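In the two assemblies presented below, subunit A is common to both, partnered first by subunit B and then by subunit C.
Right after this comes the complex of A and B.
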């Protein structure tokens, strides 16, 4: 199975507000708010940890959700953010240091 | 309610300074005839001080950061400041005259993920624009800057201040914006100078001209809707807040002074003496600003325009009382709708001394 690695784009603005992460793309000004689970994935997007490991470590161990559901939702979430240039996806670990999570 | 409005509402409820306007310098390479600033350097914050302020703003929850001046690029460390701001993941908007922006600067702004750049253009004719900026060749340089920024894919807005010196020029500037593929905004607001000099208020366009602007469909869109009589004010309006100044927005000068807004020179604290969060949470001045509700305004609460007026508490403050009238906004409401404001009917005139930005007492 091919692993997915996720890294935060440099072309975004982000800030925590009341427990949710606000994220705006500088490319197309798309504005997102991430819920607690999505924020956990965002904060773990260091470019080096496989998404499958993030799901187990930061989602299943902390939230009441089945692995299969969490994995499917996480895949959908990262691909949606990638379409807006907010997350970068790769099947290899990223080499450069990650952008701060805010 | 849009997602952004929801975030604004949440920031209001949580007391978060979501948007901050930071003037990094008052120095400028132009000498615009309508400018309210005094351009000498009286001890700007150092690079380290500004970086520390940015760290504090990020910790306080600020998301939208406007970097302005003066001319931001008069600071040799501007890109170092910008880089730090972007490392902290602010959504950054830059206000500039663009004169010092060439290909390299535009490239750097794009690389750093700047959200938007606003450039002031007063006319598409150099003899008018350059006469306002008092810098020969400035129109050419500013337009070139817009092209450089656009070529990098950056979002650009042309800000067109309207005054007697460029009356009738807005159509040309609007067409220039369309040709360049950038946004356009028009502002007929001229404020007193920072040193209390009100002579530049003579540059404000006349009532007739203001009325023409408000009834120009190319500027306001749907004239009928824009100029409609104000709706009756309900409890929600009377209990509402005047604007975001001091609630979710703040202004910081190059000297570290904190105010509710760039147009609201109420001294609220200084970052060389206090942490931003302490000023934001504890400043009596900001608490005073936050206590204002439309229903508490002695005259404006009885005005038919109360629900749709652009009343600026900062301009009201400069006229003598933050709870008093903002004559310029009374006139805007009148010339937009043809209905006199309550203040106009009472023939209210400012009585207090003009209050301007003053150093805080040590």
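Right after this comes the complex of A and C.
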């Protein structure tokens, strides 16, 4: 199975506000409010850790959700954000230095 | 160019010197921005106005476009072409002799200046009461002009359409603007610290409800005047909106369109 690696785009603005992560695309001004699970994925998007590992480490270990469901939802989430240029996806680790924690 | 053809329009304590070769146009500006005309000796910013006869090139229905190229902002709409150098605070505008084009350019230039300072222009009415400013934001039809009309005699109306929000220490100030909506009346050239930002809705009763931070930021971003398709500017505006909702109470104000709503606002 091919791994997915995720990194946060630099063309975004993000901020935790009132316990919610708010992310805005600097390209098309699309605005997202991330829930707790999505925020965990977002914060773990360092470009080096496979999404499958993020799901186990940051979702299944912390939230009451089955691995299969978490994996499917995470895939859907990262692809949606990637469509807006907010997350970058790759099937191999990103070459540049890991993104700092959000 | 003689000084008699210059006029400094001072909005938010940020005077912009407008220079024109046409004294009658200067007079027109003096009337339009009465109350906001300051001394023209030392404004940091200046715009040269080149008046032209409307041409086919200047098609009236072209939407506004604001782009940064080679360090210069290029502003264009059907009725004007303008440039703005943010480094030196100087620009030029080519338009026909009408007050609406330069009004739009001033709004855009102020959004560009304010963005660098943590402020913004907001689709909002605002008024000062007992030394504190109250800001009423919403889309067209939400009630900005209505709540302005209903303001009691002791309220100082800053605008019924576009509020000038500037960063001031740990808080924010609302400043009067000459940008009028349906009220067709310029605001007072005054300012005060912002006590509350309300997002307006009309309903069967007057009530004030809290808004959580995320909703407040979302509503605020929807109502900030923003023209430029520029990634760095988007980041600045996003940061300003988040910092604003961190520091200023934001509420939803549902109101019946009668004067009793102002009993809640003090």
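As a convention for this text, the second predicted complex is superposed on the first by the 97 of 102 C-alpha atoms of A that agree within 3 Å, B and C clash if a C-alpha of one lies under 4 Å from a C-alpha of the other, contacts with A are read in each partner's own complex, and residues count from 1 in each chain.
One rule holds for everything that comes next: a contact is a pair of C-beta atoms (placed from the backbone, for glycine too) under 8 Å apart; a residue touches a chain by one contact, two chains touch by 3 or more.
Model, not experiment: these values are computed from the prediction.
Peer 1: Between subunit B (first) and subunit C (second), which, if any, makes contact with A:82: first, second, both or neither?
Peer 2: neither
Peer 1: Where does A:13 make contact in the superposed view: on subunit B (first), on subunit C (second), on both, or on neither?
Peer 2: both
Peer 1: Applying the touch criterion given at the start, work out whether A:31 contacts subunit B, subunit C, both or neither, answering first, second, both or neither.
Peer 2: both
Peer 1: Report for A:22: first if it touches subunit B alone, second if subunit C alone, otherwise both or neither.
Peer 2: Both: A:22 reaches subunit B and subunit C.
Peer 1: Across the two complexes, find the residues of subunit A that touch subunit B and also touch subunit C.
Peer 2: The overlap between the subunit B and subunit C interfaces on subunit A comprises residues 11-13, 15, 17-18, 22, 24, 26-27, 29, 31, 33.
Peer 1: For a test of understanding, state which residues of subunit A touch subunit B in their complex under the given definition.
Peer 2: 10-18, 22, 24, 26-27, 29, 31-33, 99-100, 102
Peer 1: Could you list, by residue number, the parts of subunit B that touch subunit A in their complex?
Peer 2: That would be residues 3-4, 6-7, 10-11, 13-14, 16, 18, 58, 61-63, 86-92, 113-115, 153, 155 of subunit B.
Peer 1: Show me the residue ranges of subunit A that touch subunit C in the complex, using the header's touch definition.
Peer 2: 11-13, 15, 17-20, 22, 24-27, 29, 31, 33
Peer 1: Can you tell me which positions in subunit C touch subunit A when the two form their complex?
Peer 2: For subunit C paired with subunit A, touching residues are 212-214, 217-218, 221, 226, 231-232, 234-235, 238-239, 242, 245-246.
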